[in-house]
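The chains carry the letters A, B and C, assigned in the order they are written, with residues numbered from 1 in each.
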């Protein structure tokens, strides 16, 4: 009687020990997948899925660990109807079991994106290894497989390089958005919002990017670069948004963290640069006579950091003139973005959602033909700009001393 | 050898008694018997008996001198008594004036007195003997503590002499409430054991219980407090010590003042304290001597280290074999690259390293001090470098094992640290079979086990579970001294009160029906 | 009674851990989509009323467990039968929670490990604790409540710090009106977890301070209800109503989004084990209630003899209860609105009614049958 607890404890241990180690996986039997690429095989229902797998011994910081014998990553690719099928099929090529819990980036080939991505993410939600925080990109003018194969300098794992480029271009340049799988799913599900996904291109010669030689050069033959935003409608990609349109879109999504803005100087052809430091976009939607009215107001702050002309910044009204000009330009950007979206009848900015939040009943009435209504909506964009300082100097050296 | 129960008296001729004594002690040459004349007309002979080495030579010589002089001094006994009786009376007066003396009436009494360092005077023809305390002989001086080192605080520690140890405590608490009781334990060793407590602070039931358990213990050999600890603890089937031991008089004094009972044993520099709670093993005396903020920091550090020493290898195993997704990518890749080419699974690798570390540690402890260093150098080279370079173990594992090892040294109490070392191996097995789930269940069971323990009726995990806010100020935290002012209460009196009854019942009859 | 009694603080900790139990993992409240948090608040409120009913019954028989006073109120045979229903309910509910834990582990990490093993190991650990006595469980709860509270606070800070909360996901409030909220609350968030607190009626006689029982209980229910509602609101704010209502374990998905400086991320195993700890206590409470109930009904003494047999029954029930997790969840919803509702609300109401009637009829003569 008294010894029973101990007995139970032993029983517990025995059960555990005998139970073996079903889920135990030795690291030396695992291949860490850092990125997944999905392409569509033309004219079939098959996907071609590629896995970027890390070669740990190449990345070792250990001095005697060697390295330099192979590339830091290897890409395995196979075809199949579902993602999971290919994951298992890949075991024919990969010497180890693929581990998906560290996938940083999911790259979608452009042809596939145009055909539709709606059904792509289901398995990412279901499997326990894959994560919703994986970043999503669309390979522009290239297959995802080639994008995954490009060896990158500085970051040995290209997936890290891509994630880094996406992160910093989104926060410093603001032409991209850093969207993860769950963001895309939310936008796909929502009636009042459609997804946008950042694009990735290979600059240079893709074939040469896949060899170690690529990083042995000071100017790599092939470089991965973030460019543009892919605009989706009902899961199908419509067109690329670039430059002004892309910036306007990021503004409207209120994802701008910082950016550089160029303004023209007063009369000359010269320009000046403003570092955007803070931007806040608020959207308001109302329905007048069955027609939506979209009101966008932006408050932005920035510093003047470069000037190629001699404006006398000591005079207040010069600065105010610049602020005004900046506001005008922002309004132009944003309007361009809305125009582009209206043309395709896609509400990528979530105006529908804000209508739902502010006027739930009205939204329910218009939800069915929101896309059409959005296309003929009335737009009102307003921007307030503040240039908070002008860097370390007030007067420019180009300004003639009187 | 058992002392016979039948009383063999001291009646009879002196030489016969002496002969009997010699026989009983197997003619031990260190038994010294000196004959002195204590009266001249008529001649009365007395024997002085003692063990060489157990006595203070100076005292014995004094005694002998004064005994032989006693005859010449005045008359104390009634005239009608015989010469022997008169001499005996004079002798007794003299001797008791010089130091403690008592009367022994049996041969066994004589033996016991002699064996515990007394000098016995037997006067021919009297059925009694006088035993004088002449304890002495060689003993170690009071030195610095070796197992519980502090940076700031008293530097004295117990030695092997019971009376010295008691004095060390008495010197710290000059209070009539400090009571002392002495027992002799061990059928064979007849070791002196002292129980000390603060009369009006301690729970009376606790003292009774300690005494009852000591008497019930039925020990035959008491050479160290370990034997007593094992016999009087509440539970045997546990890795955790439920009685605190220390060689520092200041620790004992502090705990006595809080209502503990101290048990000191002759012949060992370690004293026991009961009841004990788990938190006590993480208290180092210098926590109280530093500023309180430092004290708190160090306490938290120690608990953290204990957790590390208990769990780190298991967490490492679980993380890299079950939960690779938890490890940050960069770290995972570097661990993976370090493990490339390692022939063993992570669990075997960890066990290998843990065991070799344990071997190294044990060897380091047992080696003569001069060779200990050689062991650690060889160990560091073999384990740290050669094994890694040969690709037998990974660098990550070496780091994990060494952190674990270092962390386990930071627990102030060795016996609790050793518990963690044992339990660690079990949890590693659980981690290797079920990952974090195994560790979690292991920890729950371990905590449940600790919660079910008690030390003399006080729950072992008090004051965490059962929780008592007022006692939190001296557990993980060491609050500043001003709230300590009202500190003369009995420790954990409320909890002690209830399981207390249970304790007595349990030891009295059958075990309680738990869970009712 | 010679084992240590349960203090008010321990009762408080036990109730909070119990309410969190599986509720924090498997959230039925999400049927109300965005407004799940309101449904849980409503459930909490009704849970308080239900707890008052249990307390009322307890105060009529302060020394008896549920199964005992059922026999007092309803007579020997009917009472015994009702007591048996209670015990079966406890076993069933414990088995469900064991299964929940097993499935949680199985879908999140241990996909290759048989659920039977996961369940068996869990039940063995609980059996060990119960074998030591309820007081050990109570003390354990005092330690773990701190751990749970700490991980809740740290978790919240991490979620806030990684700036993934978008309160817009919670708007508009009451998008679909009150109807979905009410249908979710009654019975789902009401019975689960507040109705299940019926099992606490089995330990009330062990309380050290019976006069604090109601106050402690209500405080614990309100606090845990608020915390549950807060958790689910955060889930929705991070994931959106759609993803969180589709995910089986919304909290897990939510925590997996935490990312601070690319280092503190992938914390879902920690969340997973937090859920397991609270589930542990819930199973343990139900298990305990089942053991004591069985001992009462079949006059087994000491009751700890039954720990292992009842554990085996729970284990087998947990395995045979359903074939798949979907079926398990569906069955949960069904049983909540039928069987469970009847047991935890219907029978106690009946007991209270019969007790009152007896009291009025029996005025003048002795109350005890």
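Here, contacts are C-beta pairs under 8 Å (C-beta built on N, C-alpha and C of every residue); 3 or more make two chains touch, one makes a residue touch a chain.
Bear in mind the structure is a predicted one, so any value in this text is a computation, not a measurement.
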* What graph shape do the protein chains here make by touch: line, ring, star, complete or other? -> complete
* Count the touching C-beta pairs: is A-C or B-C ahead? -> B-C
* Interchain centroid distance [CA atoms averaged], chain A/chain B, Å -> 67
* Asked: In whole angstrom, what separates the CA-based centres of chain A and chain C?
  -> 42
* Asked: What whole-Å value do you get for the distance between chain B and chain C if each is reduced to the mean of its CA atoms?
  -> 47
* For chain A, residues contacting two or more additional chains -> 5, 9, 12, 16, 19, 23, 101, 131
* Counting only residues that touch at least 2 other chains, which ones in chain C make the list? -> 109-110, 113, 121, 125, 128, 131-132, 265-266
* Structure fact -> Check: chain B positions touching at least 2 other chains come out as 322, 325, 434-435, 438, 441, 445, 449, 452
* Would you pull the chain B residues touching chain C in the complex into a rising list? => 322-323, 325-328, 434-438, 440-441, 444-445, 447-449, 451-452, 459, 461, 464-467, 495, 498-499, 501-502, 505, 512-516
* Structure fact -> Given the complex, residues on chain A that touch chain B span 1-3, 5-6, 9, 12-13, 16-17, 19-21, 23-28, 30, 32, 34, 54, 56-62, 64-65, 99, 101-102, 104, 129, 131, 157, 160
* Of chain A, residues touching chain C in the complex -> 4-5, 8-9, 11-12, 15-16, 19, 22-23, 101, 125, 128, 131-133, 182, 185-186, 189-190, 353, 356-358, 360
* Structure fact -> chain C contacts chain B in the complex at 1-5, 7, 9-10, 105, 109-110, 113, 118, 121-122, 125, 128-140, 142-143, 262-263, 265-270, 272-273, 276-277, 280, 288, 291-292, 301-304, 307
* Show which residues of chain B lie in contact with chain A when the two form their complex. => 237, 320-322, 324-325, 329, 332-342, 345-346, 389, 395, 426, 429-430, 432-435, 438, 441, 445, 449, 452, 511
